[in-house]
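Going by the order they are written in, the chains are A, B and C; count residues from 1 in each one.
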């Protein structure tokens, strides 16, 4: 393919130029150059992916720089899909960032912010094209470090450094697991190409160990429960366009890595692999949304939803892996396609939501939902964009979240095809949990949108909010259009995704079997639906109903009056329902999980206790995995560190003794090992 | 062609019958409680009156408040095109399956809850919060009931389920079906705001869910919402009636079978309305925090339904 | 014919199980006793059905005995106890109602998984109901563990016995009448012993809350 190398060069050059330009230029010019170069790079990457997928032939492009650096790149269907994902979100984020970073001028280092953003995009793009372990790991580390530094942008804000520390600690634990995994797969030689790893036949125990390590490493990056604790800390404190990129794309690298290693390199495995992924996915989805419900920091709420959606993606992939182990390849492809479809959908709507939250933060200066309200009148466009994102993430038809969840549901329903009924009964449980998750997500986004944008402002900041600048709106609009487009076109997206998977890990090339007909009827499953017709019907009805009312002569008068408040005149924001109150019923229902601590102190009037002067109510929840898992872990770590510190005597001679001893031991081992 | 005509006719029939169905339940309930009760066509009069009244909108409300009734109404009416009310198979059967139906209804609930929050009234917020809680907790039961039906019918598309049950009548009496029916019946009560989850007849703030949410609505907006709620009841009744006891549904699309279909549909509605009326007379409303217990009971029923479908495979 | 038989068995077993679940959902002892009566009635109906389709006359006698003992006699004794302790409702069990119900659903699935080899071996048309019977046994055990009032626990124990009886009927087309009679006697004896215990507990602690037994330690 002629254009492919060209596009690759443009993409790499764009990102590199962006990084350099950020360091060189300042002010609006600098921001413009950063945004422009990143946009060029992202669009080139997008085109590259589209060209590869559109051509329909899987590996189209290989480049090896082996002699010089040990780097090797290769582009196949899966890489192309993720390149598109990076390009889509990267482009929107680049444009949005131009307006958003204006407020950073003079406060934080814009040079590093711009440079690191481009480095992050570059390392992501290289990551998905890596063709050997060394390239993969180097890109992975570059991605982790640049994301770490980006999280640290607002380093003087409380909590930022702590969040970044958590992030880097967990991500490096994952990195260690990945290095070990690749060492296992490549028998100690990291420059072994992926093709050789595919061909290698390993003992089952080694494969199992590699899978577990991969699941740990990629799960830590993806933010799967219980390795997700960094996610709700780190994503909110990063600049909002970076949050969008992190939630939309960076955590998806965990999904990419898992697919690349388990399906492609290992070629699938026993049923328990899939079962484990499915179980982790189910737990992540449910816990993610349950903790999101209790969150009143808008960006933290969105971050918890990332955990939820990663869970849904893992459900699809896990089901796919299970089907693959039973030889049901059509269903297996369908499950993974469902997971991938949700991956790109989540990238679009979560990117959109984070950008929307960024606009709100930009306008009001706070992330606390309890201080917002009434923004729909002050920033109507942002409100509309956020509403589209909220509907999409709540899986409401005809938007994209529904399309992919429908596909995942259908995959799970196909679970009855598994010959072992005691394994098959896992599927209805997953179906129920997925349904509960999506119902709770809808409840959570009624809260998020309703409390943030509707009714009366709860603070002066919210009252004086302003609409986001044009460039930020452009960034959001592009994602809105994608949310709608991806929702309307499952009949086109599903075959495309099927073709991107063809040939991976013995998955049957089922792409042809996914029909391009309007009603999406996927082989091997039960259902049938047609998103475009559904949307058309809804739109027709929406237009018809007012028309019919007018024709029939319904009364059209409209009077504006105060909200009814039991006869009280003059409604204030204090009479509104708050986010805490909104979530209260669900907190009661799931009290055994949340174990909320309550603290109520009332100041009575000195004369009589029937007159209350002030009430202070505080309620907190402490997530159980922190309680059960991380607190003991940290405690133990601290204890171990204290003990190790005793080695540190402060005397130079002591250190020299250590070094000498170490040298002696090494020499001994080297001499007699063989 | 006849299929498309039937689709429209079926939706129109649903729209026309729905208020009468609500009136029928109310009338039966009144008779059971030794009251004379308003006639069954009272809801038509109410709707007519509401459509002729002026709308009062809160000064805090935004465009969303004014758009929500239309979204709710449109999504509910869209569902009537997908549900087999009179005949199968209809041309729109492939447009949406049972999952689409569930999520379309959730779309309406979502917008109605947002509209409840929009005027900034504490009642609206309370109603919205409770409505979403109940809706979310009912979701797993619905999904499992769908699973049970799909297992025995081999499809989630409604026309297929009806056709399959008709060809294998034994399936209708299978334990999986019966348990799924029981589970879905409880969900019907929850989703349509009937006792013991919600009380459709009260405006007492401690007990109301749906009524609290739409407290700020008036005039034609209220009419649309009430009508949509009635259609929702009819949809659930048709699902209960036609998915589990499909006899009477026309498969040949001839005038004779269609007459039978209408007659059997009305008969099923009367039976179900009677069941709801008896239930609402016999039991009191549950405390709000007992509702999750009821829903988890329905969840267990649905889980049993799936299990016994697996058992008999 | 066989399929109708096996459907009837599953249906009956499901009903027996659902009446067992009422223990987790309701709070009043009256409701528990009614559930037990209904459960025993359905159980004896299932036994009679198995007798009819399996051409086993003896099972009619077993069904009759079941009904008389568990549908009439024991409930009568239970009602007498209830009149005495009616004020004590199951208000705060160790596990709350919603969680209990979900747990019991999972227990049923577990029962399904562990009886799988049994069902696979069996050729009887009744085999499909066995997982549900096993589910009832597990759920009843859960009731006994998670509820505090002695009366609830007694009913839980009786339901456990019903589950075992159901398992026996479905798994082997009924055990010989003489063994069944022995079991009846055992149940009756066990029940009487428990009755005496409950009266004793009540006399000592003025309550039938078994949590009170913790006080014996001191």
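The rule is short, and it goes like this: a residue touches a chain if its C-beta (ideal position, glycine included) is under 8 Å from a C-beta of that chain, and two chains touch if they have at least 3 such contacts.
Note that the structure is predicted; figures quoted are calculated from it, not measured.
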Name the chain whose C-alpha centroid is farthest from the C-alpha centroid of chain A. C
With contacts defined as at the top, give the pair, A-B or B-C, that has more of them. A-B
Between chain A and chain C, centroid-to-centroid distance (C-alpha), Å: 49
If you average the Cα atoms of chain B and of chain C to get two centres, how far apart are those centres in Å? 36
Any chance you could list the residues of chain C touching two or more other chains? 98-99, 109, 112
By the touch rule stated above, which residues of chain B touch at least two different other chains? 292, 299, 303, 307, 310
Touching two or more other chains, which residues of chain A qualify? 421, 425, 589
What does chain B use to touch chain C in their complex? 170, 173-175, 178-179, 290, 292-293, 295-297, 299-301, 303-304, 307-308, 310-312
Of all residues in chain C, which touch chain B in the complex? 3-4, 6-7, 10-11, 14, 17-18, 21, 25, 97-99, 101-102, 104-105, 108-109, 112, 119, 128-129, 131-132
Chain A-facing residues of chain C, complex: 96, 98-99, 106, 109, 112-113, 116
Name, in rising order, each residue of chain A that touches chain B in their complex. 373-374, 376-377, 387, 391, 394-397, 402, 406, 409-410, 413, 416, 421, 424-425, 427-428, 431-436, 438-440, 442-443, 445-447, 449-451, 454-456, 519, 521, 526-530, 533-534, 537-538, 541-542, 545-546, 549, 552, 554-555, 557-565, 571, 573, 575-577, 581-586, 588-589
Okay, in this complex, where on chain A does chain C touch? 421-422, 425, 429, 589, 592
